[in-house]
Amino acid sequence: MIYPGELVQLVSPKGKRYLRTFNPDEALHTHEGKLDLGLLRETDFGDYIKTHLGKKYRVLKPTLHDLLKNIKRETQIIYPKDIGYILLKLSVGPGSRIIEFGSGSGSLTLALAWYAGSTGIVYSFERREKFMEICANNLARVGLQDNVQQINQDIEEGIDLHEMDCAFIDVRTPWECLDQVVQGVRNGAPVGFLLPTVNQVSALLESMDQGPFSDVEVVELMLRHYKPVSDRLRPEDRMVAHTGFLVFARLNKNMPEKE
Amino acid sequence: MIYPGELVQLVSPKGKRYLRTFNPDEALHTHEGKLDLGLLRETDFGDYIKTHLGKKYRVLKPTLHDLLKNIKRETQIIYPKDIGYILLKLSVGPGSRIIEFGSGSGSLTLALAWYAGSTGIVYSFERREKFMEICANNLARVGLQDNVQQINQDIEEGIDLHEMDCAFIDVRTPWECLDQVVQGVRNGAPVGFLLPTVNQVSALLESMDQGPFSDVEVVELMLRHYKPVSDRLRPEDRMVAHTGFLVFARLNKNMPEKE
Amino acid sequence: MIYPGELVQLVSPKGKRYLRTFNPDEALHTHEGKLDLGLLRETDFGDYIKTHLGKKYRVLKPTLHDLLKNIKRETQIIYPKDIGYILLKLSVGPGSRIIEFGSGSGSLTLALAWYAGSTGIVYSFERREKFMEICANNLARVGLQDNVQQINQDIEEGIDLHEMDCAFIDVRTPWECLDQVVQGVRNGAPVGFLLPTVNQVSALLESMDQGPFSDVEVVELMLRHYKPVSDRLRPEDRMVAHTGFLVFARLNKNMPEKE
Amino acid sequence: MIYPGELVQLVSPKGKRYLRTFNPDEALHTHEGKLDLGLLRETDFGDYIKTHLGKKYRVLKPTLHDLLKNIKRETQIIYPKDIGYILLKLSVGPGSRIIEFGSGSGSLTLALAWYAGSTGIVYSFERREKFMEICANNLARVGLQDNVQQINQDIEEGIDLHEMDCAFIDVRTPWECLDQVVQGVRNGAPVGFLLPTVNQVSALLESMDQGPFSDVEVVELMLRHYKPVSDRLRPEDRMVAHTGFLVFARLNKNMPEKE
């Protein structure tokens, strides 16, 4: 049985996917007929419900990966391949208290909120009101809004946070908000950055060289899909070749002075 | 202040790293002198303690990534780049009930236990006693043993689990335990596999074609490190070129019969 | 001055490219007006000619890379990234006597003919008459037809060649024509294969294991383009992720028997 | 029959390779005994000769790829994967007249000389006398010295070449010798650059933006080796992840002025 308010993914016979918060009074109008969502009450995840034309729609419990792929976006989003790695590097887990500079459409925000859980909190800063809203909607749609505090301000105006567990920065000129990063997280904390161009990476590294950061790493993840055909197995013809470079470091306030 | 029993990472002046569970009565004997760990009581994460020769060792709270890199291993381990993506695809989170076929040295086990948390559980199967022990030690060392139930048996003998949330299979011939996968997870659940060779991927796809699986995907993740030097930024000369292929699918017990 | 019969590449103001063999009596009808090709007689490579509407078209001597990109194709062609490497591995050069099994649209044929030169020869086999013709047209268009002898037959019927310098095989089931490869090239000669799927690579390796081949290598080349913008340098968003796997070996008729 | 003066590659039973210019009076002293090279007179490429202890050494005609891998080097060399692509982009072929700025150890010089042939010429500039010599030796060893004119000077002092077919530049600060490039090649000619760091690529693009260059491209080639085992086919564990970025352009003296 599926309960009202649960997230549901409906998959058409042709593989088209619809993400919904289950409301038994709603219907989904598809090319294969009307789908009465009330039927979900008598089914279970993994099963099918039928349109009024008898077409079967598979009912799946969406994974975190599904939610991230279904983000409503008006910016370049952070991709799952990068998010997974960010989680491990920032050591995000139940109870984490996280700073995010640059909510964007909220794909990373959503994943951070998912893993921080109800005992943790994500402070997500976004200067542009429009993206604040998009992010808010993406969080509310999947019921994670309570784990996030959204803050609509320019980071350079200063922030009122201290001793957070980690920080992730996805803004165009992150070297301009390093002071806020240093102030916001506890000493030794892991911090991460996403940057699309090599010029940005270079500029960030130059600024970080001046400041209290050590263990600096620059990495890039590439995800290659294969055609899943047993007797004609081969990589897909085309792939996403670039999303962004990831920079990671640890705050180190006791660094020896640079000569 | 750091408390006895907490995990601590000590970083030497040259960057050598030591992972320890804090016991104030212990000492660490290093090339730069003896490090009295009792000193940790008066310090905090991010700070330094000194050896009896005055050399500073940085004190860090290890991230999950640090823990995964410090796994004691006697097998090929699953790499962080792959683990991060697996977490999202399997939708592992607080409370998840997970099947793992093939504990190996326990790197994925550790990450699953970390994210499932104390409200979740990982049932980790391993046929070889030696690896059971290595995995057990790796879990105990970081205090995650209570989130995992280790089971020392051949999977093909049958398992006593049902309706689990997801499964990950890292064994040499996964096509021989698909029946146990199908039995163990709830309908619609995400399942994943790691396989080093293309022949194994092909054999697995062939078996999955016969069975109740849909949404089959084959992917490969590549992680490229850059030299983090602002004015001479470039990829590292060499990289890990291959760890394994990842296969993901959803259990689909209501699949139409193959003609 | 450009002479009739020379290959010319015309580049529109917007970067559209036209490849032509220069005939002074022809005209090119473009969106920016009519281009009287007779004007080429009074210009030189690197300069411009104008349409009757005054739009400048740049006149370039096409490179081999340009010719390969302009191949008329009805099949998957072999890409320049792969062709360059094949040339070095097969040691193609002025005077080379080369066997090609599978002309396809003739992109590799063209490059082999270019480098073998007038003192060398490419014997290019193609079973399908249609592709024979496409290949013939692609060669004639760039004036390389005299360096190639096209042979329209099934390779398995047997070939009448011996002691050739090298061979390249681009057919669907290359393991079925290994006898012809062995017969056709001199002992020690380098041979190469292109195969899209891992299953084909595996099947070929299995057959080669039985036969007189050593120094077997399997490689794959990836070409990544960057946006050529000085202050926003970054990889292109998408790339060709797969063209084919390359297999290389040396004929070794004196191999010790397999036990 | 193999003739004195021919290049020969000898392969030991364990796969160790020796490149020699055949001199029948010489001997090769190996771990498996003395190899009287005079024996080569009675053998042929593809066959074996035996040491005085009866061990078989295979006799191969080295490919261009073999020669490039055997370059004596004291610098980072240009790799075959890059050389193959450079050849196509610069349209090097029999009769090509080529400028090379920065001979280094001469790996690209060798390949350019091989393909330009005796009717072409490579003008190879190198400021450092030591590398001049290394390059000279590498060319002489394979008999290609007559196709190359080595020039030991600082490029910025000016060069005495005009209307060459193409140019390749492999120096640390190529933006400082763009005037010499522009002077040296004919209008419309293809030019190429190799650069290890992104900062260099960015600086070069900035300079090229000011000058008479169009069709600018930045690419990177990755070569991945697979274990050539039929039933356990998989990528090698590690790979060369970076050699350099390639930049290509066409000289365009009639470019519209930048505003």
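Here are some notes:
All chains are identified by letter, namely A, B, C and D, in their written order; residue positions are counted from 1 within each chain.
Throughout what follows, contacts are C-beta pairs under 8 Å (C-beta built on N, C-alpha and C of every residue); 3 or more make two chains touch, one makes a residue touch a chain.
These figures come from a predicted structure and were not determined experimentally.
Of the two chain pairs shown, B-C and A-B, the one joined by more C-beta contacts is A-B. Look at where the CA atoms of chain B average out and do the same for chain C: the two points lie 46 Å apart.
Averaging C-alpha coordinates per chain places the centre of chain B 44 Å away from that of chain D.
One simple way to say how far apart two chains are is to compare their mean CA positions; for chain A and chain B this gives 21 Å.
Chain contacts: chain C has residues 198-199, 202, 224-225, 231, 233 touching two or more partner chains. Chain contacts in this assembly form a complete graph, since each chain touches every other chain.
Put simply, chain D touches chain B in their complex at residues 196-199, 224-225, 231-242. For chain C in complex with chain D, the touching residues are 44-48, 56, 58-66, 68, 80-81, 83-91, 93-94, 111, 114-115, 117, 186-190, 198, 201-203, 205-206, 209, 214, 216-231, 233, 245, 247, 250-254. Chain A makes touch with chain D in their complex at residues 198-199, 202.
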